[in-house]
Amino acid sequence: MKPDLKVKIAGVEFANPIMTASGCCGYGEELATMFPLSKLGALVTKSITLNPRLGHPPPRTAETTSGMLNAIGLANVGLETFITEKVPFLEKQPTKIIVNVAGSKLSEYVEVCSRLNDIDSIDMIELNISCPNVDEGGMEFGADPVMTEKSLKAVKNVFKRPIIAKLSPNVTSIVEIAKAAEQGGADAFSVINTLLGMAVDAETWQTKITNNKGGLSGPAIKPVALQMVNAVYSNSSLPIIGIGGIRSTEDVIEFLLCGATAVQIGTGLFVEPTLPVKIEKELLQYMKRKKTDSIYDLIGKVRKY
Amino acid sequence: MIKPTCEDTFLLKKRNLKNRYFAYTFRPYTQVKKCKPGHFLQLQIPQTDIFFRRPFSIAGVTPAGDIEIIFKIFGKGTALLATLEKGDKVNLLGPLGVPFTLPKKNEKTILIAGGVGFPPLMYLAVEMIAKGYDPKSIEFFYGGRTTDDIIEKSRIKKLGVNFHPVTEDGSYGMKGLVTKPVEEFIQSSDTNMRIYSCGPTGMLKAADSLGLKYKIPGQLSLEAPMPCGVGICLGCVKEKTDGGHARVCCDGPVFEIGEIVL
Amino acid sequence: MKPDLKVKIAGVEFANPIMTASGCCGYGEELATMFPLSKLGALVTKSITLNPRLGHPPPRTAETTSGMLNAIGLANVGLETFITEKVPFLEKQPTKIIVNVAGSKLSEYVEVCSRLNDIDSIDMIELNISCPNVDEGGMEFGADPVMTEKSLKAVKNVFKRPIIAKLSPNVTSIVEIAKAAEQGGADAFSVINTLLGMAVDAETWQTKITNNKGGLSGPAIKPVALQMVNAVYSNSSLPIIGIGGIRSTEDVIEFLLCGATAVQIGTGLFVEPTLPVKIEKELLQYMKRKKTDSIYDLIGKVRKY
Amino acid sequence: MIKPTCEDTFLLKKRNLKNRYFAYTFRPYTQVKKCKPGHFLQLQIPQTDIFFRRPFSIAGVTPAGDIEIIFKIFGKGTALLATLEKGDKVNLLGPLGVPFTLPKKNEKTILIAGGVGFPPLMYLAVEMIAKGYDPKSIEFFYGGRTTDDIIEKSRIKKLGVNFHPVTEDGSYGMKGLVTKPVEEFIQSSDTNMRIYSCGPTGMLKAADSLGLKYKIPGQLSLEAPMPCGVGICLGCVKEKTDGGHARVCCDGPVFEIGEIVL
């Protein structure tokens, strides 16, 4: 019997646990030229804000040791263009669609989520309360349990399908924030967004990105992400989508073992855009070899000392 | 839009050109038929601690399935690339980007190359000639600081194009900056013309200005740091003259003269 | 004229800004067989606790992408043996001696610091209020501004020479903790200790270290460390010792540019124990080339957009 | 205590032994005169994303300044190490650790080797013979699963020692586990003996028990993951039988029988 890759998060069924992370797959058009999106459990869009945003001026990425720093600054087409130009493409895709929503005020989040509620093809919203690259909003929400709970409550009021809270690693206790989000009505967690970081050129003395600081992603942060996934898993019964530094099938398995029900691949796509296809294949092979019938035989099964 | 592939290939031929330039030919490459001048590849430096791929213009392809790049050692990635040996495996993601549009048959083609901008323009000249353009309709301006910066001289000469090397120190060809003889050529010419340029920012700016000043259409191939090369990271953007951002990797790297703020 | 590598922190003068980090150079004996310790601005000892500690059982380190995870668990000889067996060696060394102090209760910190006050050859104490590898104490102190201030006050009472507060990166706002430490009387900051992380073997499903979670160090964390050094630098006038992922002279320069007055090398010593010697030489070359006469021409001089 | 150095050297000779074993000779190595059997090196896998050095026992040195290691492909680091070519540069940190103490001249020497524990014991035998020990006083037990696990057979035979190969499947030498013939040898022998063992944990445990059971002194060379190899990280510790931890890298890797909890 072929192992079953299907997973369910808040009632939504995914063909497999492999998703592409927000900001790392645009609105799906480019990846669709490289592999059928049916290979993905879900595609998570770039953060959508009420109004279009150009983002920060370039340079807005820098390479770091086994990772990268980015301060794209939530560049996106804005809600209206997203609905008129991107959704029609997305809803034709044979994969689940998760729209990542960001904003600089709570009212903005609410407005965007309420408009998205009308579009049935959108399966879930991922609430980005953790983007380190905007001055207002973003991080502040995700770093404060009270604001976190309030934000979740507000958007749950207007969006009637499941909402995933995307958590920031730049906090003293991610468990505390997760609990607040759960209290506010979150249906699942995405763990983690990028770590705050900085890069400087020792020759020119210049910071490497125009926003001076940015978000660190890539294999460098995987141990931090695994720890946070496991901490949230041990303290909440909501499903978790594990994110951070995935570059291989082993990485995916590690996240599942630590408690993730699904994973998202971000920076890894930049190096290998077809990585999800490879991982889906290798994950099946791994499960056959390990005689595990279902992804659920892996989730949270890490053996601790 | 072309469907790029991610495929392993092998270093078939390594030529160590002077002045830290190398010409690498890889085989096999299944995408040769889809390659056009202006396309580039994202090459993964194998088994090293270099995280991102590095972009290189395609310098040429053969029907046999070979693909060539020419690169100069710039930083850590290219330095490691230069240590590869014949037979070594590399992974190529490509072909990527928007290629050059060929000129009209009645147009004089002005190529303005400099530094690592030379390979795509050589490929363009080769492709034009293969497509039946008269080599003598191609004016190949090639600028460098000194004679060592002008690589593959005999290869260009063999094409039969009008070759105009220009060096700042006069050690090879004309002396000075390449844009002066280009402007003189434009002023002295009365046919329709089209400009193609790839090279350092200063050169691109000058080519852009010349095109706008003399109302000559043309295209520029730009560079930017490219985390992904396929349009999904938004890291490579440049400002457009009419507002907004263009992604160099997939809206370019080839842009019309006047399109981008340089 | 030869550039001047000397720096001063809280009145103590160091021959150069290069120190070895706590837990990464033992009590100096091993490194002294490889190079004269006069090459170091200072040596920072392994954390000393009141009683000897064996630490966690092995395995207690794991390799990660461009870094490592450790949960040594504050293994050390304990205060008495340190004083009788390690100090005699250390005080003969032609370098400054900084003793890192840890504990699981405030009273323990106070007792250790008060004993160390009697030993004149100890130039400074570095207070480890940020070790993620012990269950009691450690991290809790460094994650809470009130406890941080209280701890600093208590040890300042008994140790009369300068005290450096070693800050944890696992907090929502390192600036808030730094301010609390400053309020408590800290004379300088060490930024940063390790990030919390976890590593799992995808084949055996077993966590890679017995403590299950541990501290992430090495080049992977450098961008996080640079950002935190710069954040503290922008919000306090106390001198900062930059720590995190240093493997080269460029790395040291980046920390200085971001605001560090000195740096500590930790994990980098494991790969190249003689790294400080190489960096001292290359730093001089760099300063000559850049025509900077003093380290102070670099400190905080990052050019921001 | 020896002052280790951190020095660049070059791969002089690469022998691909069977069964994923390789013998590498490096030259020059300034520390050859200080090297003793039991010492190891921390080798940096050049220009890769492998973060830590990897420890390898010294398999031999020559007065000319060559140093040899023999390794087996185990994981990522050794797989990359196996791709090095003659002339490639590697950085060695060493010599490290506490070496073996030579036996008394009147003692029979029992070497018990297995897997990658073979190189230091071969070096020990070579060194003893060079120091004037009678090769026939050395009993070289060498265990493996199958004949492929016994490398350098002819090299051992040339030493003139009493060679006792043992394979689990009987494809070479005696059949079974190596410890059985060792115990039989001990039981049948009435001279003073000394045991030296290096190999998989099971083998070390057995050697340790035999030593304790028959009150034969001896030494075991242990393995542990070694972030630093020089005693500064405390990552490589093992529990001592009398309490406390020993660092394998610098309190060992060679320990007395009975000293460590295996």
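Every chain is named by a letter (A, B, C and D) in the order it is written, and numbering of its residues begins at 1.
Here, a contact is a pair of C-beta atoms (placed from the backbone, for glycine too) under 8 Å apart; a residue touches a chain by one contact, two chains touch by 3 or more.
Please read these numbers as outputs of a predicted model, since none were measured by experiment.
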item	value
Chains in simultaneous contact with subunit A and subunit B	none
Between subunit B and subunit D, centroid-to-centroid distance (C-alpha), Å	55
Distance from subunit C to subunit A - Cα centre to Cα centre, in angstrom	34
Distance from subunit C to subunit B - Cα centre to Cα centre, in angstrom	48
Subunit C-subunit D separation of Cα centroids, rounded to whole Å	37
Set of subunit B residues in contact with two or more other chains	49
Residue list for subunit A, restricted to those that touch at least two other chains	64-67, 219
Chain contact graph, described as a line, ring, star, complete graph or other shape	ring
Pairs of chains in contact (touch as defined earlier), listed by label	A-B, A-C, B-D, C-D
Touch list for subunit B against partner subunit D, complex	47-49, 80, 83, 85
Subunit D residues within the subunit C interface of the complex	1-6, 44, 49, 51-53, 93, 224-225, 227-239, 244-245, 250
Residue numbers on subunit C that touch subunit A, as the complex places them	64-67, 69, 143, 170-172, 195-200, 202, 204-207, 209-213, 216, 219-224, 226-227, 230, 245, 249-251, 253-254, 257-258, 301-305
Interface residues, subunit C side, partner subunit D - complex	23-26, 29-31, 33-34, 46, 54-55, 57-68, 70, 72, 75, 218-219, 267, 269-274
